[in-house]
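Each of the next two complexes has chain A plus one more chain, namely chain B in the first and chain C in the second.
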Partner chain A sequence: MTTEATTPTTPVADESTVLARIATLLRELPDAGLEDAEIGRDTLFHDDLELESIDLVSLSGLLREEYGERVNLALFVADLELDEIIELTVGRLADFVVASLRATEES
Partner chain B sequence: MAKIPTGSLTTHVQRLAAGAAGGTVPDGEPPVVVLVHGLLTDSLASYYFTLGPALSAAGMDTVMYDLRGHGRTDRPPTGYRLENFVEDLSLLLDGLGERRPVHLVGNSFGGTVAAGFAAWHPERTATVTMIESEPPVAAWAGHMAEGLAHARRDLVHDHAIEWIKERYGAHTARLSRGAARILRTTTLAEDVPAGRLIDDDLSALRCPLFAVFGGDSGLSAQVPDLEAKVAGCRTVVLPDQGHSVLVEQPARTRDLVLDWVREHHARRAGTPAGAVG
Partner chain C sequence: MSRYLIVVPPLTGHINPLAGVAAELTARGHEVEWCGYPDRVRAAAGPAAVVHPCTLPATGELVRPPTLTGPAAFRFLWEDFFVPLAEAMAPAVTDAVRAFRPDAVVTDQHAVAGALVSERLGVPYLTSASTSAELVDPLADLPKVAAWLTDRLAALRREIGDPDATGDPRFSPYGVLAFTSRALIGDTADLPWDRVHLVGPAIAERPGDPDFPWDALDPSRALVLVSLGTANTDAGARFLGEAAAALDLLGERVQGVVADPGGQLTDPPPGVLVRRWVPQFELLGRAAAVVSHGGHNTVCESLWHGLPLVLAPIRDDQPIVARQVAEAGAGVRVRFGKVTAPRLAEALRTVLDDAGGHRAAAVAVGRSLRAAGGRRAAADHLEQLVSAHPVASARR
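After this line comes the complex of A and B, so read on.
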C-alpha cells in the first residue's frame, strides 16, 4: 500500500500539482506573512507577494528539500535579467520546476 | 535553510560546494570563498542569485551568510561593533569545520568586515576582495557615523519612505523600511563607528588585497593610498559606475573575483619557489 507513492513512475511532474505545492510552500514560508495569500499562476513574486530576495533564498532551499538537487532555483534566477526577476510569476516558477523534473525523468 | 549557532546567535548560512551548481571541478582541494554582504538593506540574497552559483560552477566551495541583524540571522538589540561581526565570521568558520584559509569577498560594509577579519585573523585569511569598501580606519568610522546618523534621522519618517517610493520605486522603499527597522530596534548606528579599528598605515593588512570601485563613487579616491600602503594591492576602477557595483555589473564583478581567486589559489597550491615574485 504505502510503497505505491514512492515508486518512480508516480507522475510528480504534473503542472497543477507542482503549482499547488509551491503555493503551500509560499504560505508556510517563515517571516513572509503569506499565510492567507491568494496564490495562482499569474501571481507576481515581487508586486503581489512583496517577497524580499531573502525569501526567495528560503524558497529555493524548500524546493530542493521537496524535489531534490535537480531543482536549482539559484541557477534559474542567475540566468534571468533584472526585469524578468521583477516580473517573475508563480506559474513561471512552476513551469521551471516541472521542466527540471521532466529533464531528469527522461535522462 | 541552514542555521548554525555562532556564540549567542544563530546564523543563517548557505553553502554551495564546488561543482554543486554544475560545471567542472579541477583536481586537488578546492579554494573556499566566503561572501560578506553590506549593511542595512543587504543580505546573502545579493550573492545567492549572482556570484554564488558562478563560483561554485568554477570549482570553488562557496559560503554565504547573513550578518547579525540582517536577513535570517538573529537580530540582537546590541553588539554591532566591527569586532562583533568579525568574531561572528570566525565562529561561523569554526561551526562549519572550515580549516582552510579563506578567500573573503565583501561588498561595501562587508569588505570592511573582511579587512577586519584579515587583520585580526591573518592565519585564517588567504585573500581579501573589497567591492566598494573602506578598510576599518579612523576615516571610515567617521564616514559611517555621519551616514548612519543621517539614515536614522531620515528613515524614521513615513514621508521620507513615501518620497523614496516616488523617486526610486516600491522595491527601494521596501528596503528602506527594513533598514529603518534595524536602526530603530538596535544600537547598530552607534556601535558600527565605535568599534575596533586598524592603524592608518594599513600595516595590519598582510594578505593579498584586491579592491574594486565604481569610478563615480567617492570611495575610488582611496586607490593611490591603498596602492602605496598595501604591498601587492591590486585595484580596478569601473568607469561610469556608482556604488552599486555588485548589483549593476554582476558579470564583470564575477569575472574579476573568479580570476583573482583562481590566480591566488594556484599560487598557494604550490608554484615553484623560483616563480614567485
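After this line comes the complex of A and C, so read on.
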C-alpha cells in the first residue's frame, strides 16, 4: 500500500534521527514539563519522564502525523506485557519506529 | 427489615461512600454490619458501627513510595496489596456471613474477598465502585495487562471463590453501585448498563472541626482549598510547597487553605492558612475553586458544590478522573511531579475566571451528581436486590 499523498517523505529510517525526533515530540508535549528534559535511548518513559498511558496515546497521534499510518504505536503498545510497559524506554520506541519504517521501505 | 453486610478494604476513600449508604439503610430500619478494619470503619461510619475484624496481609497497609507511579504502581497495587488483602480478608468475610447471615452483601470492588466469598456461599451481592475509573475499561488498549489482572483474579477465585463461577468479581452479576454520574464519566464509555447503577456521591455526615479558625479567613478574597486527600501524606511535600507559593502569588484575590496532614509545610507564606486537618465539606461550601490530586471523593464533593478544579493526578485512578473532569470542561490538569508555582497560579486563574466556563461546567456536572440520588438511590437498589432474592438467607 502507498500513502505518499499524506506521508511526509523520510528518506532513510535512521535510528539517531528518529530518536532525536521522538525526543523533540516528547519535549513539546503540552504541560508535560519536559522542555529541558534530557532524553536518550535509556530514558524510561514512566519513571524518568513521569509520563502516563494517556501520553502514549498523544505520542501515537503525533508519530502518525510525522510518519504516516505505517507507524502504529497503539498496536505496538497493545502487544506489551505489564513488565515491558513498566520498563519502556525511549530507545525501544525509536527501534519500533525504525523497524516500521524499514518494513514499509522494503515492501 | 433486612440484614446487610458491608465489606471494605482499609482505605478511607473506599469506605466513605458506603458509610453514607449504611446510615441510610439504618435509618430505614435495616440492620447493617461491616467486615473490615474497625478503626478505619468507625472513623467513617461512627463509633457505634459493628465491625467483623479482618487481619491485615503480611504486606501490611498500603504504603507506596512517592516515586512509585504509573504501571509500576498498578502492578504493586494488585500484586502486593489487593491480592494478599483478599487472601487475608477471606476467612473473616466467611465467618461474618455465617454469623450475621446477611440477606445481601455490598462489597467494595477492591475488597475482592467480599465478592468471591459471597459467590461461594450463595449470598446476593452488589459491588461498590468508589471511583469512576474502573467503569471506563482503562485497560482496553492494553490487552496483555488486562490478561495479567484476569489471571490473578482467576487464581484468587480458585482459592477463595466458587471455582465454577465466571465473570469479573469487580463487577457483580447482581449489580454495581457506582458513586458517580454520566456527566462525569462521559458519553462514550460503554458500560454493562443494565447492572451498573450510577447513583452519584453518597455523602455521609462527617464531624466538623470546632477548632477551625473560620475568623482567620478573609471573606473578601476567593477561597481556594488545596487537598491531596487521605492516602498521599508522604507523596506531596514538593507539590504542597509549590501550591502554597502559587496561593501566595495570587494573594491579592485568593484566600488559600492547604490541608497538610503530614505537616510538611514548615514555613508557609503568611497569608495562606495551613492545617493538618480541615473540615473539607464545610470549606467546600464557601470555596471558589479546589486544587486536588484527583481522588474521586474530593472531586465529586467539589463538583457537588459546583466548584471548578485544578487537578494534579499522582497515580491509580487519578489520571483517569482528572481526564474526565477536563473533558467535562470543569477543570484543568497539571503535572503533579513537574508543576511550578507560576504554572499552578496560571491554572488557578484559568478556572477562577468565569469567562473560561469552568465554573458553569462544574455547576452542570454538580447538578447531575445531585440528581443521581446518592445514598437513597443506593439503598433503593440494595432493597430491590433483597426483594429479588428473598430466600437467599434461608438457604444457608
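Keep this in mind: the second predicted complex is superposed on the first by the 96 of 107 C-alpha atoms of A that agree within 3 Å, B and C clash if a C-alpha of one lies under 4 Å from a C-alpha of the other, contacts with A are read in each partner's own complex, and residues count from 1 in each chain.
The rule is simple: contacts are C-beta pairs under 8 Å (C-beta built on N, C-alpha and C of every residue); 3 or more make two chains touch, one makes a residue touch a chain.
As the structure is a computational prediction, the values presented were derived from the model and not from experiment.
With the C-alpha superposition on chain A as described, chain C and chain B clash in the combined arrangement. In the superposed model, A:Ile54 makes contact with both chain B and chain C. When the two complexes are overlaid on their common chain A, residue A:Asn72 makes contact with chain B while staying clear of chain C.
In the superposition on chain A, A:Asp31 makes contact with both chain B and chain C. Of the two partner chains, chain B and chain C are each touched by A:His46. Clashing C-alpha atoms with chain B appear in just one stretch of chain C from the list 23-31, 41-49, 239-247 or 311-319: 311-319. Residues 31, 46-47, 50, 52-54, 57, 74, 77-78, 85-86 of chain A are contacted both by chain B in one complex and by chain C in the other.
Of all residues in chain A, those touching chain B in their complex are 30-31, 46-47, 50, 52-54, 56-58, 60-62, 69, 72, 74-75, 77-78, 85-86. Interface residues of chain A facing chain C in the complex, by the touch rule stated above, are 31-34, 46-47, 50-54, 57, 74, 77-83, 85-86.
Touching chain A in their complex are the following residues of chain B: 1-2, 14, 16, 20-22, 43-46, 48-50, 52-54, 66, 71-72, 170-171, 174, 178.
Taken together, the chain C residues at the contact with chain A in this complex read 67, 69-72, 74-75, 141-145, 148, 313, 319, 323, 333-339.
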